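Next, two complexes with chain A in common: one pairs it with chain B, the other with chain C.
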Partner chain A sequence: MTIKYVKNAVGRMIPTEINGKPVIPFQGPHGYKTTGWKYGPPIRTCGDYPDDGDKRVADLKTALAKAGLKDGMTISTHHHFRNGDLVANQVFQAAAELGVKDLVWFPSASFPCHEPLIEYLEDGTIHHIEGSMNGPLGRFASQGKMRGAGVLRSHGGRYQAVQDGEVVIDIAVIAAPAADPFGNANGLTGPSACGLLGFALADSQYAHNVIVVTDHIVPFPCIPWQVQGNNVDYVVEMDQIGIPERIVSGTTRITKSPDRLYIAELTAKFCEAAGIIRDGFSFQAGAGGTALAIGNYFGEIMRERSIKARFARGGSNQYLVELLDQGLVEHILDGQTFDLEGVRSMRENPHHVDTSPFTSYNYHGKGNFASMLDVVILGATEVDLNFNANVVTHSDGYLLHGIGGWQNCLFGKNVILPIPLFRDRIPVIRDEVTTICGPGELIDVIVTERGIAINPRRTDLIEGTKDANLPVKTIHELKQEAERICGVPQPAQFTDKVIAAIKWVDGTVIDVVRQVKE
Partner chain B sequence: MTIKYVKNAVGRMIPTEINGKPVIPFQGPHGYKTTGWKYGPPIRTCGDYPDDGDKRVADLKTALAKAGLKDGMTISTHHHFRNGDLVANQVFQAAAELGVKDLVWFPSASFPCHEPLIEYLEDGTIHHIEGSMNGPLGRFASQGKMRGAGVLRSHGGRYQAVQDGEVVIDIAVIAAPAADPFGNANGLTGPSACGLLGFALADSQYAHNVIVVTDHIVPFPCIPWQVQGNNVDYVVEMDQIGIPERIVSGTTRITKSPDRLYIAELTAKFCEAAGIIRDGFSFQAGAGGTALAIGNYFGEIMRERSIKARFARGGSNQYLVELLDQGLVEHILDGQTFDLEGVRSMRENPHHVDTSPFTSYNYHGKGNFASMLDVVILGATEVDLNFNANVVTHSDGYLLHGIGGWQNCLFGKNVILPIPLFRDRIPVIRDEVTTICGPGELIDVIVTERGIAINPRRTDLIEGTKDANLPVKTIHELKQEAERICGVPQPAQFTDKVIAAIKWVDGTVIDVVRQVKE
Partner chain C sequence: MATAGNKGANIRSDCFVTLELTDRGGLEISLDSKVGALYGDSINTLAEEILAHFGVEHARLLIEDRGALEFVLAARIEAAIKACVETDKEYLPDLIPKSQVQNTKDRYRRSRLYLPGNSPKLMLNAGIHQPDGIILDLEDSVAPGKKDEARLLVRNALRRVDFYGAERMVRINQLPMGLDDLEFVVPHHVNLILLPKCESAEQVQQVDARIAEIAARHHIEQPIYLMPIIESALGVVNAYPIASASETVVALAIGLEDYTADLGAQRTESGHESFYARGAVVNAARAAGIQAIDSVFSNVSDMEALRAVVKESRSLGFDGMGCIHPRQIKVVHEAFAPTENEIEKAKGIVQAFDQATSQGLGVVAIGSKMIDPPVVKRAQRTIDLAIRSGLLSKNWQDTPEG
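Showing the complex of A and B:
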């Protein structure tokens, strides 16, 4: 059968079918309007659950069997334990022992710790992965070794896909740092404390079967119930669900690189010059070394000018928590805690609020938090001359990162990418990015160590910062400067095989990733 | 057209159709199994909502018009303001002004303050009410004056009906003591503070259009968001949404009646004798004068024996909050706050947790809190010799009360009804109750001022309390005693017209109420 392709609104050729399902091509950031209805999972009846609320079963394998695990099912997990997760591998080990084949793994993200799952991709237990593949699993897919195509979604897009019934989760396995026998669970206490469980919200609401796995059982009621026991079928106790030091690093530090610090300072100066930093403003910065430095610069500016931010969106970390504790930020609306201070603060401070992809990012809702942010600081592996950006592949073509909340955050009022002009002598600004993850019309400013490029659409920002003595250049100038130093890079070489689809926030496909020609 | 009737599992004759919809007859407490799917409301798109999150519109009428109000729609409200609600009447006043007819009002409960709505029932604006009708509206219905039949559901049954798509809410109007322009809302602060908004949860999740109405707007983010702005379409500010002194009385007091105090003491003694009051137990008592006294006796027993309760379910009030503050109760899992102390405690104490009909009562979930309770104290207007009980009609046949959480609480491990043997010289124990709201097999003990009757099914309780020197009698003996004093009461006289259906927790119909022959 010949595969048909169609050109989408950012000019990428997209197959009309992926994994046997029809594809809706990207139609612009707000172009596609759905007329569907939210997914309704099966109605359950209390009579089928224990009256005393004790849903514990012997072990994970028993729970999977009771949940009716069978060939071809979709199994989900969350990534709040990041590279310290001990649960997902056990799920598929149990599945393999049960002799089940062709499963779809639907994680909210995968990490290098999940490299052992390659065995189950190879032996047929897992058919393919729908979710970000950070590191080894992405490389495996890029080598054309996964049977189905990966489907990458943003955090909000994952919620959207589940809510809309685009992905039906047969069994969700939710690792929980604290849980009661009824299945109420949170991430605030216990040896594997990770702060919150927002990435598992859609799974708990919509999956046909929900298994909570914990190494810290507490008597009913486990409060707060970030995951509600009323959505849970089985509870499994095990010795250890995560490796604490890999869940929360406690060591995320501000960058010491002079270049990166300069980019951070320039970003903060730009925001101040543009009038973005004002009393009651809001911001979101990530947990990378540069982003942390920008948050600190924001703090300094607020201190100096005696103003405060109404809210900051996390990933939280010790630096953001300091701003909260000092009253410079009134609320942290947090999607994931990156260190122990973040966990402690969320546990103790009612103004450090746990959020979810539903509240923060879901594009198929009645608004979300992301579009309300005054300024958002994001990264990118590549940016093109139209400000289209890539976050999932490297310039060598390998799929090595997930989308995270990146696409969702593009809806913020001012979207700034502080990025080095080149990495390992490979320029970051390209004629065409390897993979388009976000359309340039939503990306406003690129800040590099050799100058700032403002998207020509944002005449207001160009006008507003023109007297600020900032090194503003065109994106073409920045590109030429990089190429003067590093030369013009060769584009990556691919076969025709589509190994992954990149979904936009509305479920359309904005780009695909192809097998790397090795 | 002749109406067909069918006899249900408690022997009541039920029409096969009510309000033009087919009826499923009651099949026993756990008899009916649904195989359906939860309701999925229409998918919305952020592009249709303001980027800055400000969803405020000029007034309620504008919001209703924008939400597309038209003839025949179902409009919901909640009853957290009890008899102090100022919003529901305005909704239908606005609807009348807009010339809309035949609406279905779907409140979580109605109160005497809603008597003005009789005008709109008479002029055709409202077709009928699905929800409890406390007082005047119930009398209006009992007189055969409402065009459609009322449909009464328990709190859990209301959630079930919405979740299952049995009732589709076109427009939910959620009165909120505090809200931000995005629609995040709670009941904790502001002049109309009522504690929580759990009765509006289903409405916020499933209604096609959600309007939040507030007299206390706060900047985004309003935390905690008991109602999530991501589910809200419009926000309306108005001067006053409730009358504080009727929302929370601040004056709910323990009974001073010697008979009632004796019943309370006897109830507590029975629980102690039966071994129900032990370390880590759980209980739910209401906010009536007798129930409050029972809670106090429980407190005394716990203090004496140096034990504590793991949790109590509210309706909370100053007495229950005292037990929490004194460490005798570890958690209050609260469905509605009955006084200002309840509101304060919920606002300040993380162990005073707001719950919802979803967590506590929904029978079509994966368990709920109600079945986990060691002991539940409930009321009744009548009880029959099989322990079937009535809470909605008086012995004169008038429909004057809602079901509340009563049916849902029947799933507790020990269900005790402390009731006077007669009221206004009318015996409470009958051959047949006027309306069956709960099947006798779920009701364990009747405590009256003249003795205790234990349901013969509960041989464990009979055995366990036999040496406790308690005035245990058969229910027949109690009935005879009442009739010796008051005589045998005349049953109420009805026409054939069905004026209301009483739903069981699973959506089946357990009984109907007929028009009173006046």
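Showing the complex of A and C:
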């Protein structure tokens, strides 16, 4: 069978079919209009559930068997425990023991702790992964070893896909730090407390079968119920569902690198000069070391000018909580929580608002919070001369990161990417990025240690910062500077095999990733 | 067999090369590079070119690369070759035009950032932190066995790295070894040489003479200045003769780590043990009409303590201080910035001078007080520094508020 390709709106050649399903090519950030109705899960009756509300079963394997696990099903998990997750691996171990094949794993993200799943990808228990593939799993996929093509979606795109019925979840396994026997669950207490369970929301609403797994069972009612027991089929108790110190991973610390601090400071200065930091503004606070430092600089500026932010969207973390406690931020809209201080504050401070990919990111909704943000700070592995950016592959072609909320946040009013001009000789600004994850028309400013490039479309920002004594350059100048220092890289080598599709927030395909020629 | 460079889990922007000359079989280059997919071909080409340049025809070369830039790769390969082959040749990367910085004797030397001479990673971004000067160090930060390869790396860095306008300084080794270091730096756009553990005027003259000789041979016309570092009791005693030993000496620095060791005293936070020495160095520098530069502050995480130290340093009369971490630069600059009072006074003097000039008057006066030309010059410097420090607008004369 010959594969057919079409060119999408960012000029990438996209196969018309991936994993046997037809593909809709990307048509511009707002180009694709969909019609129809949301997906609905099957109707259930109370008569089939215990009157005493106790849905506990013996173990995960029993629950999966009762849920009717069989070949080819789609199984979802979520990533609130990040690199400390102990549940996803057990799900597929149980599936393998039950002799089930060709499953699709649909996580909200994967982490290096999921490396053991390679065994199940190799033995055919798992057919392919639809979700971010960080580290080892991405490398495995990039080597062309996965049976099907991976499908990467943003957090909002994942919700959209579930809501629209593009992905039908047969069984959702929701690891919950606290739950009652009825299935009400939250992430606030228990040894694996992680804050909230927003990424499991779509799964709990739309999956045909929902299994809640916990190591901290409380008597009914478990409140607040972030996951509602009325959506839950089975509850499983386990000794341990996560490794607390890895749930709160070390990446959520302010960078100590003087170069990155310099970029952070320059970013904050730019925002101030551009008039973005004003009383009542809002910002997205990322979890990377540089983004955290920028939040801190925002705090300094607000303190100095006696102004405050109306809200910050983010993973709560100690630094953001500090701003909240000092009254410099009025509300934190939490998508996930990055450290124990964040979890504590969520429990105790009513100015936290639980959000989910539905409220913050879903593109097929009646608006979302991301587009209301005054400024979002994001990362990228590469940016091209048209400001198109890559966040999933490295310049050598390997798929090593997920999209996360990155695409969804591009709809913020000012999108700034603070990035070093080169990393270990690899220039960030390229003629063409390896994988386009976000269209340049949504990316406004690149801040590097060697200068700031403003997207020519943003004449307002160019005009607004021209007297600010900031090192503003064109993106061409920055590229030249990087190449003068590093040399011009040779193109990475790929085979024709498509190993993953990159979805846009509306379900269209913006790019594909090919197998690396090793 | 010879090796050069660094390797290890934390090494980045560097490489480790192993060279073995063979009798036959041509060149066998193996590359293990983190950036092989993007630069593999160009690294191989470069290695072949350098081996050919030195006439090496049969050899096994292993390059373990962690993202080294070309000038680093070249320095490492050249170092390995020179450990195996007797040669006068050099493999010189192209000089970038930006590596030529026009220099003056009295430019600001508030901060100078030390960069270990055998660690390329720290060199690359040093300039973005805007120190007044950067120091490529061949002395204490380079292990004795690594001196040869560090000389080549420093030479190549001087030719290739844009330090974004910072004064380009090199700290050579103690004499006599330091005299041989000069061959690797003088022809390559260096602005200033730091002479460590200086104890006599004669040492300064020795360095001066060697620089003049190399500069003449390479037709270098730019001035190359000297900053002797006083690091011993004898050095303190001879501070004035050292400071006035040559026209090229533009600053006198003090190094307190070695000085206190020489005294047999403990270095304390209050610094009373070095109070005499610091005063003596400032005094000698002023007597010779040059700048006085303080030592470094070694606790890189305590910015408040640094601020206090710099303030004291300034009050003693120093013009600048060494930095061992980029984050120290900003604090040092802030502490050496002029005070509000000084700025106001300087503004008055500069305005009076401008008015007098526009009226064609030869004499500048504020009220009935006459202002001498050196005072005007000093005021202009204060204004300049205030603008650089962000305390005064560039167009301060256009707005009544300043």
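A few remarks follow.
Simple rule for what comes next: the second predicted complex is superposed on the first by the 515 of 518 C-alpha atoms of A that agree within 3 Å, B and C clash if a C-alpha of one lies under 4 Å from a C-alpha of the other, contacts with A are read in each partner's own complex, and residues count from 1 in each chain.
The rule is short, and it goes like this: a contact is a pair of C-beta atoms (placed from the backbone, for glycine too) under 8 Å apart; a residue touches a chain by one contact, two chains touch by 3 or more.
Quantities reported herein were computed from a predicted structural model and do not represent experimental measurements.
Of the two partner chains, neither chain B nor chain C is touched by A:G402. Contact with chain B, but none with chain C, is seen for A:T45 once the two complexes are overlaid on the shared chain. In the superposed model, A:G183 makes contact with chain B only, not with chain C.
Looking at the shared chain after the overlay, A:F411 reaches chain B, while chain C stays out of its contact range. When both complexes are overlaid on chain A, the residue A:G335 reaches neither chain B nor chain C.
By the document's definition of touching, of the two partners only chain C reaches A:I485; chain B does not. Shared-chain residue A:G438: touches no atom of chain B or chain C. Number of chain A residues touched is higher for B, counting chain B against chain C. Contact with chain C, but none with chain B, is seen for A:E449 once the two complexes are overlaid on the shared chain.
Across the complex, chain A is touched by residues 12-13, 34-35, 37-42, 66-70, 96, 124-125, 128-129, 162, 325-327 of chain C. Touching chain A in their complex are the following residues of chain B: 30, 33-47, 49-53, 55, 163-165, 182-183, 210, 219-221, 223-225, 228-233, 280, 310-311, 331, 333, 350-351, 353, 358-359, 362-369, 371-372, 411, 413, 506. Listing the residues of chain A that touch chain C in their complex gives 258-259, 261-262, 395-397, 423-426, 449-450, 484-487, 489-490, 492-493, 516.
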